[in-house]
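Each of the next two complexes has subunit A plus one more chain, namely subunit B in the first and subunit C in the second.
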Partner chain A sequence: MDYFILLTVSGIAIGVIYGLIGMGYALIFKATSVVNFAHGEIMMLISYMAFSIASSWTLPFWGLLLVCVFISAIVGLVIERVFIRPMLGQDVFSTVMVTIGLAVMIRAVVVLIWGADPLLLPTDIGDSGVEFGLVFLYTSQLYAIGLLAFCVLGMWVFLRFSRMGVAMRATAARETTALLMGINVTHVYAIAWAIAAVIAGISGVLLGTIYGLGPDLWTQGLRAFPAVILGGLDSVFGAAISGILIGVLENLSEGYIGQGLKEISGFLVILVVLMIRPYGLFGTPEIERV
Partner chain B sequence: MLNVNNVQIVYDNVIEAVRDASLSVDEGQIVTLLGSNGAGKSTILKGISGVLYPEDGDIIGGTITLNGESLIGRKPDEIVRSGVVMVPEGRQLFEPLTVEENLMMGGITRSRSGATEALENVFDIFPRVKEKRSTIAGYLSGGEQQMVAIGRALMSSPRLLMLDEPSLGLAPQIIAEIFAAVSDLSKQNNVSVLLVEQNAELALSIASYAYIIENGRVVMDGPPDKLMDNEDVKEFYLGFSESGHRRNMRDVKHYKRRKRWLS
Partner chain C sequence: MRTGVFEESYSELISLYRNPTQTYWTVALVLAALVAPLLLTNHLTSLVNGMMIAAVGVIGLNLLTGTTGLISFGQAGFLAVGGYTAAVLSADYGMPLWLCLPASGLMAAAFGLIVGIPSLRLKGLYLAITTMAFTIIITHIILSAESITHGSSGISTPKPAIFGVELATDKSFYYLILAILTLAILGSANIKRSRIGRAFLAIREQDIAARVMGVPVARYKLYAFVVSSFYVGVAGALMAYHIRFVNVDSFSLVISIEAVSMIIVGGLGSTAGAVIGVVFVLGLAEVLNYVIGSMGGTLGSVSVLELKGFIYGLTIVLFLRFEPEGLMGIYREYKNRWVNWPFRY
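The block that comes next holds the complex of A and B.
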């Protein structure tokens, strides 16, 4: 039983990060119908930027996070303006290809600037942690759980109550009608990219603090992908919950069955789930009224 | 107020959908645009609204002016701000959103307080919509959806309302209700209406001027009673023969009777 609890809790700790990353994928897909394959890379880029900032100035963790939120919003806006907006009106598939190209570029640029050696993101919370009975959690892992909850709540309020959020949902539902009603669709897209980049930035800083930086950090983006599919590509909250689910599942399958399973268990689960619910656990099936 | 002059619209640079279409709508007037499928009616409306570009359409000739100012090349949101708004064919509601959210999106170009005010106006015009304000729009009946679609367009307090086939797929009673609402609106609030319809009889009954469009050209125009007297209009749009009675389909010899305006 102890072993089970241990696996579950550490699964949740990594799962919340999958959830955060997944929310970014889902938001961009929901607003623009593009799967952003560069999401993991954007996250890596920002965590390396965080490294540069943290090693130049000594900032407390929250200060660093705040700075990174600003930077990532700008990164998101720039990427949207330079790479995505020129693709407006083109086939969605072409835009997806652009994100794949962008992913490769960012990987190369990161190695070019910061080198290929693993680095540690220096923060003031370091190795501190709290013990809950037999489970020990790092402060950074606790922060990760709190930040996911905060992001989920923030997104919910944004999408439900703010005009921009409702406009984003409207654009996702019917783009041409959104144009007809006078919604500035390019604006909506830019905001979606900025918010997704902010979420990527938060997850990047957390990953850097908990696990350190390396040129393969982007693979975490890929690892989080099953969470998005499982939750339903267009469900931001589904991605958050499924992230935790996938994290726990990975840990349990590794702990009880065997080493290699950690990498594939998430994908195995989505195979099964998609057979039963093709739009994911929390995705919206199309409304059909006869 | 609105003047469309010799407009020519092409899709994909080669397919000509509208050629030399001219029409005008005056303040507070209901003008109807009649024509069969594919005649180019909806394309003209899209051209006025500035939403041709997502479908690779382009206006390559002519002018569209609202009170003397050109609308061509302006962004859709600027056109809505200038007072021209369109209710698209087939309602096109934001299905996953609630009715109230749908309506509020129609008022996105206005301030929040302006939009809330407009919301009350829409609820006054369509009381049935108020009852359903927190329902998911996709689950409404067709008639209710059409009311929401018109209400959503009214949220921007337009001076010109363009309706693309509002009667499509609705029961006659609902159609009558909606047309009455549109007619009242035009009279009371001095809103101009450009109505695209396939149902000619219905459209001619509320319009003060009508245009008939075929193969992308305006082929005939005039006040409704003049058009209704025309033999060709009677035959092809109203379904009456010369004597004013419905003709047995067996007697109709389409090849013998040509539309005179096409020669």
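The block that comes next holds the complex of A and C.
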């Protein structure tokens, strides 16, 4: 039983990161129906930027996070403006391929600027942690849980009550109608990219603090894919919940069934789930009329 | 004055060559391909071999993604299945090449069926990510099934030999690959001008409408998966013989993405486009190698790799931005201009 609790708790600690990353994917997909394959790379880029900032100024964790939120919003807007907006009106798949091209470019740029050696993101929370009975959690992992809760709440308030949030939901429901109702759809897209980049930035800083930086940090974006698919590509909250589910599941399968299952158990699960529910657990089924 | 090619009957519409000119050019191309290795250096022959092998696989992917509209990032997975089948059969069981190639194709086709069935309900990006999951799972299976695949250490394949004749050099291997590529192109072209190919196109355009018109969508989607993965499996086997070594590292997810970018650069849905896309993307990598190499040792080896990655990503982005029809689109545009000159159309 102790072993089970241990696995579950550390699974949740990883899962919240998947959830955060997944929310970024889901938000962009919801607003623009594009899967942003460069999400993991944007996350990596921002966490490396955080490294540069943290090594030139000594900032407390929250200060660093705030600066990074600001920077990542700008990064998101720039990427949307330069790469994504020109693709408006073209096939969705083309835009998806653009994000893949962008991903390849960011990966190269990060290594060109910061080198390929693993780095440690210097923050003031370091190795401190709290012990709950038999499980030990780093402060950074606790922060991650808190930040996921904050992001979920923030997104809910934003989508439910703010003007822009309602506009975003309208655009997600039907782009043309939203356009006819006087919603500035390009603005909505830009904001969606900015928010997704901010979420990527938060998860990047957390990942950098918990696991350190390396040129393969972007694979975490790949690892979070099962979470988004399980939750349904267009469900922001589904991604958060299934991120935690996938994290726990990975840990349990590794602990009880076999070594190495951690990498693929998420993908195995989505194969099964998609057969039963092709739009994920919380996704909106698409009704097609010809 | 010739104003264009007009098909006046169904048999003309579906004929393999649209006019005599096309036949002459094809004959010229085949002759050139036959003579080519006599003129090329060993290094270039090896490069062309790699391109032709990739072309076999990418033509297969094009049938699935370009013609049927099922986006697949599973290319690397099917390549791995084909490559490993060939390597295991030839290295551990001493099977000859002429048996290994179809066996790899069939093995990959079987996996295509396995991936295809759960994918029947999925569309677009959900399918893309599921096929990506397949690649990741296959890699893991290969790594853990050590008794068959030798795990992470990989397998060395013997020299390719056909009916007792050893194809020791790249130049002799060239002719075998050329023959297979020709078969692949003919197969793809013939599928596309037949009932099956038209069903694929109908599914790509609107699958519900296709169903209404009497196309059994599920069956044809599975056909597409099976045929495409057969192609890719054969390409994987050839790859194993070409590199003379298989290892999971040669079948990373990057290969899948590269394959999709090749059909986009070439022009979705066109067999010629698939081949041109392969030549362009692999040729670009080679040219970059050459240019960066000739600039001398001012750049570290890491930066060379990254610089190549950057330019490669940029190429994809620029193509999608400015020429979504791909190189075939550019070709068609200029051909039309040439034919219609001095008129616009």
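Everything below uses one rule, namely that the second predicted complex is superposed on the first by the 285 of 290 C-alpha atoms of A that agree within 3 Å, B and C clash if a C-alpha of one lies under 4 Å from a C-alpha of the other, contacts with A are read in each partner's own complex, and residues count from 1 in each chain.
Methods note: contacts are C-beta pairs under 8 Å (C-beta built on N, C-alpha and C of every residue); 3 or more make two chains touch, one makes a residue touch a chain.
Here the structure is a predicted model, which means the values were calculated and not measured.
In the superposition on chain A, A:Met105 contacts subunit C only, with no contact to subunit B.
Contact with subunit C, but none with subunit B, is seen for A:Val35 once the two complexes are overlaid on the shared chain. Looking at the shared chain after the overlay, A:Thr284 reaches subunit B, while subunit C stays out of its contact range.
Residue by residue along subunit A, subunit B and subunit C are tallied for touches, and C comes out ahead. Using the contact criterion defined above for the overlaid structures, shared-chain residue A:Arg163 touches subunit B, although it does not reach subunit C.
In the superposed model, A:Ile183 lies in contact with subunit B only, and not with subunit C.
Once chain A of one complex is fitted onto chain A of the other, the partner contacts of A:Ala173 are limited to subunit B, with no touch recorded for subunit C.
In the superposition on chain A, A:Asp91 makes contact with subunit C only, while subunit B stays out of contact range. No residue of subunit A touches both subunit B in one complex and subunit C in the other.
On subunit B, the positions that touch subunit A within their shared complex are 49, 51, 53-54, 56, 75-77, 79-81, 85-86, 88, 92-97, 101-102, 104-106, 108-109, 112, 136, 138-140, 152-153, 156. Only residues 89, 163, 166-167, 169-170, 173-184, 284, 287, 289 of subunit A touch subunit B when the two sit together in their complex.
By the touch criterion given at the top, residues 71, 118, 121-126, 128-130, 132-134, 136-137, 140, 143-144, 206, 208-209, 212, 253, 257, 260-261, 264, 302-303, 306-310, 312-317, 320-321, 324 of subunit C touch subunit A in their complex. Taken together, the subunit A residues at the contact with subunit C in this complex read 29, 35, 83, 86-87, 90-98, 100-105, 107-109, 111-112, 115-116, 222, 225-226, 229, 233, 260, 263-264, 267-268, 270-271, 274-275, 278-279, 288, 290.
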